[in-house]
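Each structure below is given as structure tokens.
The two complexes that follow have chain A in common; it is paired with chain B in the first and with chain C in the second.
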Partner chain A sequence: MKRYDLIIVGAGPSGLSAAIEAAKKGLDVVVFDENEKPGGQLFKQIHKFFGSKEHRAKVRGFVIGQQLLDEADEAGVKVVLNATVIGLYQDKEVVVRIGEEICHYKADAVVIATGAAENMVTFPGWTLPGVIGAGAAQTMMNLHGVKPGKRILMLGSGNVGLVVSFQLLQSGCEVVALVDAAPRVGGYGVHAAKVARTGVLFYLSHTIVSAEGDECVTGVTIAEIDDKFNFIPGTEKHFDVDTICLAVGLSPMSQLLKMAGAKMEDNPKRGGQVPICDEYGRTSIPGVFVAGDVSGIEEASSAMIEGRMAGIVAAEYLGYIDDKVMETELAGLDKALDGLRQGMFAPKNRGKSIEKTEEGIDISQNLLKKGFVGDDEIERFPGVTHRKGIHPVIECTQNIPCNPCQDVCGKKCISIGDNITSLPIAVTDSECVNCGMCVASCSGQAIFLVDEDCGDGSATVTLPYEFLPLPAEGTKGIALGRNGQEVCEATVVSVKSLKAFDKTNLLTMRVPKEYAMKARFFRVKTEEAAV
Partner chain B sequence: MNSVNDRSRDIGPFVPGADDDMLICRCEEITKGEIRQAVHDGMWTITEIRRYLRAGMGLCQGQTCSRLVKGIVARELGVSPAELEPATSRVPMRPIEMHVFANEAREVDQHES
Partner chain C sequence: MSERIEEHPILGVQKKGKTVKFTMDGKEIEGYEGEPIAAALKAAGLMVHRYTQKEHKPRGIFCAIGRCTDCVMIVDGVPNIRTCITPLKDGMTVQTQYGVSGIPFEDQ
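Moving on, here comes the complex of A and B:
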């Protein structure tokens, strides 16, 4: 039987990170993954990640995936694909299906990084073709280049539902509604806002009554629910759709651990059945470690840090490093992980209703209920200021762990400070040179460059624009407000696509000056758009 | 034995529901009504439900429905889903053809790049 120092199950962000860390310390490491491509969910993530530099913030997920693969390769990690681990036995015997054969391996340590599976909800018609998981929609679009449908309803306003809705819009689908049974948007406000400003309507405290269709989905009815989850009669709304996307949470795929005899618990806060483990992924079985979503649902950035932690404790367990080296390295990672677990959406705040920011500012209720900050609410946030000439308007209104905007501005126009979750402040006595880096670097697409008065009665608004085709200079269209409703006519002044912007195009539009603080998206006039 | 499995507890009669014909386990085509009825037939654990109905025993191995089944059983018993013991995890973790399952590789090294 072939032996390895460390066998890792799952080549996603956490598994690869564990492999890199362990291989760098001299362990002989193999990673098995049942998919034909490595990277787990990373290669579907076309958006820029949040965090700070150490979390690879403002880098797109698929680029991070490639970076991890390169690092793994360099460290001498073996990644075996189309390799399904079907059993984890006593004494760390790992049984793998590879091709048409069953292979047996033995490890001195094992890291389980199997990730999670999508949850489903039931309603009449939920088994019709056309009802799909949001992750499935992402796989179709971003891995295979296939549009999941033409007209789509999204159920779920967590980050997955919001991010996938935006990607559906980018791929040319129409998202007719974003629906959630919860009374508040579950994901980052900035993700919601970039969807809402394109005109997608949010229906909170609503859920699906039924999907219609004989052979596939042809329509869907939603209705408002009361606090006991009963439909309120008379609130039904019908949409003609061909696809319903479900983004209603994830469940850890922890069966291998249960099979191996690890102590488990059912912990709703961590997403379901999870192994009982310490903060570095040590399970109840010596030498069996966990990392990533399998030990509790979070996101890719924290999964990568958890993976590195598991790789380090595995190296110490096998004697490749001593406990002092381990403690030092873990301390650094503790800090990085702690940074990500702060703010309004931190795991510790899950389920809590937060009314004020850390700065004591009232959170936008429109943002939580409709997906956009109201025109009457936006002025109270420190990123929104007024002055002569071009200046950044930072519509970042919730405490989330993210700070690339502060780092990219060479003129120090944006200040967050040392606390990564603080709201960005627009520094009024600095000189903005209209370089656009802040707009492009904001993973939440929440920064605009505004010249409120060009002197001729007009104003210019520069916004992040990640849609194709790019409108040409001089294109006339409609400016949409934060709520996605038409506010005024607009003309494209320029569209900049520098390499440093990393595919976030900067669209500058001219609008009448009274709309400088209202116009936040550009829509090509429909007769021109109808292609 | 925990209180969830105290079979002397009265869970009341089976009351038919409007959505009883809704499919829950798509692989084995088991409906919500069948699962609810099974609880009243005395199947109080996920293991029993699996053996009795085959819900969660099909191609996807419960990847889609296990959480749904658990929710239905828990509601019928009037307990929280977290209190129900999950189904046993066994080899093979993924469905696998018998001819593959029986085909032990002789030389493991040939698969590695």
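Moving on, here comes the complex of A and C:
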């Protein structure tokens, strides 16, 4: 039986991070993953990540994935693919199915980094071809380049539902509705707003009554529900769709830990059955550690930090580093992880209804119920100010851990301060030079450059635009409001696509000046329809 | 109507393997070598991968990562192949799976 210092199960963001740390400290490490390729779900994440520099904010997920693989290569990490770990037994015997063969390994320490599986909901017709998980949609469009469907209804308004809806639009699919049984949008408001402004309607307090079709999905009916989750008769709405996408949460894949006899708990805040562990992933079994979603659903950024922590504590457990080195290294990671766990959406705030921002500003109710900030609400946020000339309008209205906008502005027009979750402030006495870096670097696509009065009765609005085809200069179209409804005619002034913008094109459109603070998206006129 | 994404605003033009031919219930279809069989079928507009044993209900792609087994089909004569994680090869024979058979229920 082959022996390793450390066996890691799962080559996703946390498993690879654990492997890198452990390998750097001299441990003989192997990572088993059941998939054909390493990286877990990172390669399906094409949006820019939140956070600050240390969390690789404003870098797209698949790029972070590649960086992680390169780092693992450099550290000499051995990854075995198409290798499903099927058993974790006494004395850390690990049983792996590789191809059609069952192989036995022995480890001195084990890190379980198996991640999570998608939750499902059932309704009449849910087994029909055309009802798919949101992860399946991401896999098909972002890995395999195939559209998951033509007309799609998304169930679930958490970050997965919101992000995948946007990705479906980017792939050229139509999203007819975004539906959630909850009364409020579950994910980041900025993710919701960038979907809503393209014209996707949100139906909160609604869920699916049934999917229709004999051989595959041809339609779907949704209806409003009351506070006891019963359908309200007469509220049914029908959509012709070929695809229904389910984004209704994730559950930790903790079966191996249960099998090994680790103490478990049912913890809804962590997403289900999880091992009881300390902050660095030590389970009740000495030498068995956990990292990432398997010990509580969070996101890739925190999973990578947790992975590093697990790699470090495993190295200390096996005597490759002493406890002083461990403490020092963990302290830095503690700080990074703590930074990500702040704000309205922090794990500690899960399930709480938050009415005001940290600054004491009322949260936009439209944002929570319809996915966009109302025109009458936007002015109360500190990123929204008025002055002569071009200036940033920062429509970031919830406390989330993210600050690239502050870092990229060389002219100090945007201020967040030391507290990473503070709402960005538009600094009125700094001179904006219209470089566009703030627009491109905002992972939430919530920053616009606006010249409210060009002197000829018009205004210009520069917005982030991640769709194809790019409209040419001079293209006439319709400006849409935050709510995705038509507000006025608009003409494209310019489309900038610099390398530094990392595929976020900056589309500048001219609109009548009374719409400067309303127009937030550009749609090509239907005869030359694009999006 | 192609269900392939020709050019993606973020990912650009995705690299593909060489074009290969395979058969689906006897009909010749083209796909890219190395992509999951399910991706090639989806691109060709096919939705139903199999019918369940007891109730004869249709199933198609559901999780697309090899966990749910909804998309299993008969590939080169072998049933229960997860098409979403099995790479496509030139000349493969893919069949709709009825229960665990390639023969439609009415002929079984």
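Basically, the second predicted complex is superposed on the first by the 529 of 531 C-alpha atoms of A that agree within 3 Å, B and C clash if a C-alpha of one lies under 4 Å from a C-alpha of the other, contacts with A are read in each partner's own complex, and residues count from 1 in each chain.
In this section, a contact is a pair of C-beta atoms (placed from the backbone, for glycine too) under 8 Å apart; a residue touches a chain by one contact, two chains touch by 3 or more.
What you see is a predicted model, and the numbers here were worked out from it, not measured in a lab.
A.B. asks: Could you tell me if A:Glu100 is touching chain B, chain C, both of them or neither one (first, second, both, neither)?
C.D. replies: Only chain B; A:Glu100 stays clear of chain C.
A.B. asks: Which holds for A:Val80: it touches chain B only (first), chain C only (second), both, or neither?
C.D. replies: first
A.B. asks: In the overlaid three-chain picture, which partner chain does A:Ala109 touch, first (chain B) or second (chain C), both, or neither?
C.D. replies: Neither partner.
A.B. asks: Between chain B (first) and chain C (second), which, if any, makes contact with A:Ile394: first, second, both or neither?
C.D. replies: neither
A.B. asks: Of the two partner chains, chain B (first) and chain C (second), which one does A:Val487 touch, if any: first, second, both, or neither?
C.D. replies: In the superposition, A:Val487 contacts neither chain B nor chain C.
A.B. asks: Just to be sure I read the superposition right, which of the two partners does A:Leu330 touch: chain B = first, chain C = second, or both, or neither?
C.D. replies: Neither partner.
A.B. asks: Just chain B (first), just chain C (second), both, or neither: which does A:Ala117 touch?
C.D. replies: both
A.B. asks: Just checking: does A:Gly135 make contact with chain B only, chain C only, both, or neither of them? Give me first, second, both or neither.
C.D. replies: After superposing on A, A:Gly135 lies in contact with chain C but is clear of chain B.
A.B. asks: Who does A:Gln273 touch here: chain B (first), chain C (second), both, or neither?
C.D. replies: In the superposed model, A:Gln273 contacts chain B only, not chain C.
A.B. asks: Intersection of chain A residues contacting chain B with those contacting chain C?
C.D. replies: On chain A, the overlap between the chain B and chain C contacts is residues 34, 117, 127.
A.B. asks: Please output the residues of chain C touching chain A within their complex, sorted ascending.
C.D. replies: 3-5, 7-11, 14, 16, 35-36, 39, 42-43, 47-49, 57-67, 70, 84-85, 87
A.B. asks: Please output the residues of chain B touching chain A within their complex, sorted ascending.
C.D. replies: 19, 22-24, 26, 32, 63-65, 67-68, 81-84, 86, 88-94, 96, 99-105, 108-109, 111-113
A.B. asks: Sort out for me which residues of chain A touch chain C in the complex.
C.D. replies: 34-36, 46, 60, 62, 117-118, 127-133, 135-136, 139-142, 144-148, 150, 170-172, 214-216, 466-468, 503, 505
A.B. asks: In their shared complex, at which residues does chain A touch chain B?
C.D. replies: Contact set of chain A toward chain B: 1-2, 30, 34, 78, 80, 83-87, 89, 95, 97-105, 117, 119-120, 122, 124, 126-127, 251, 253, 255-256, 258-259, 264, 266-268, 272-273.
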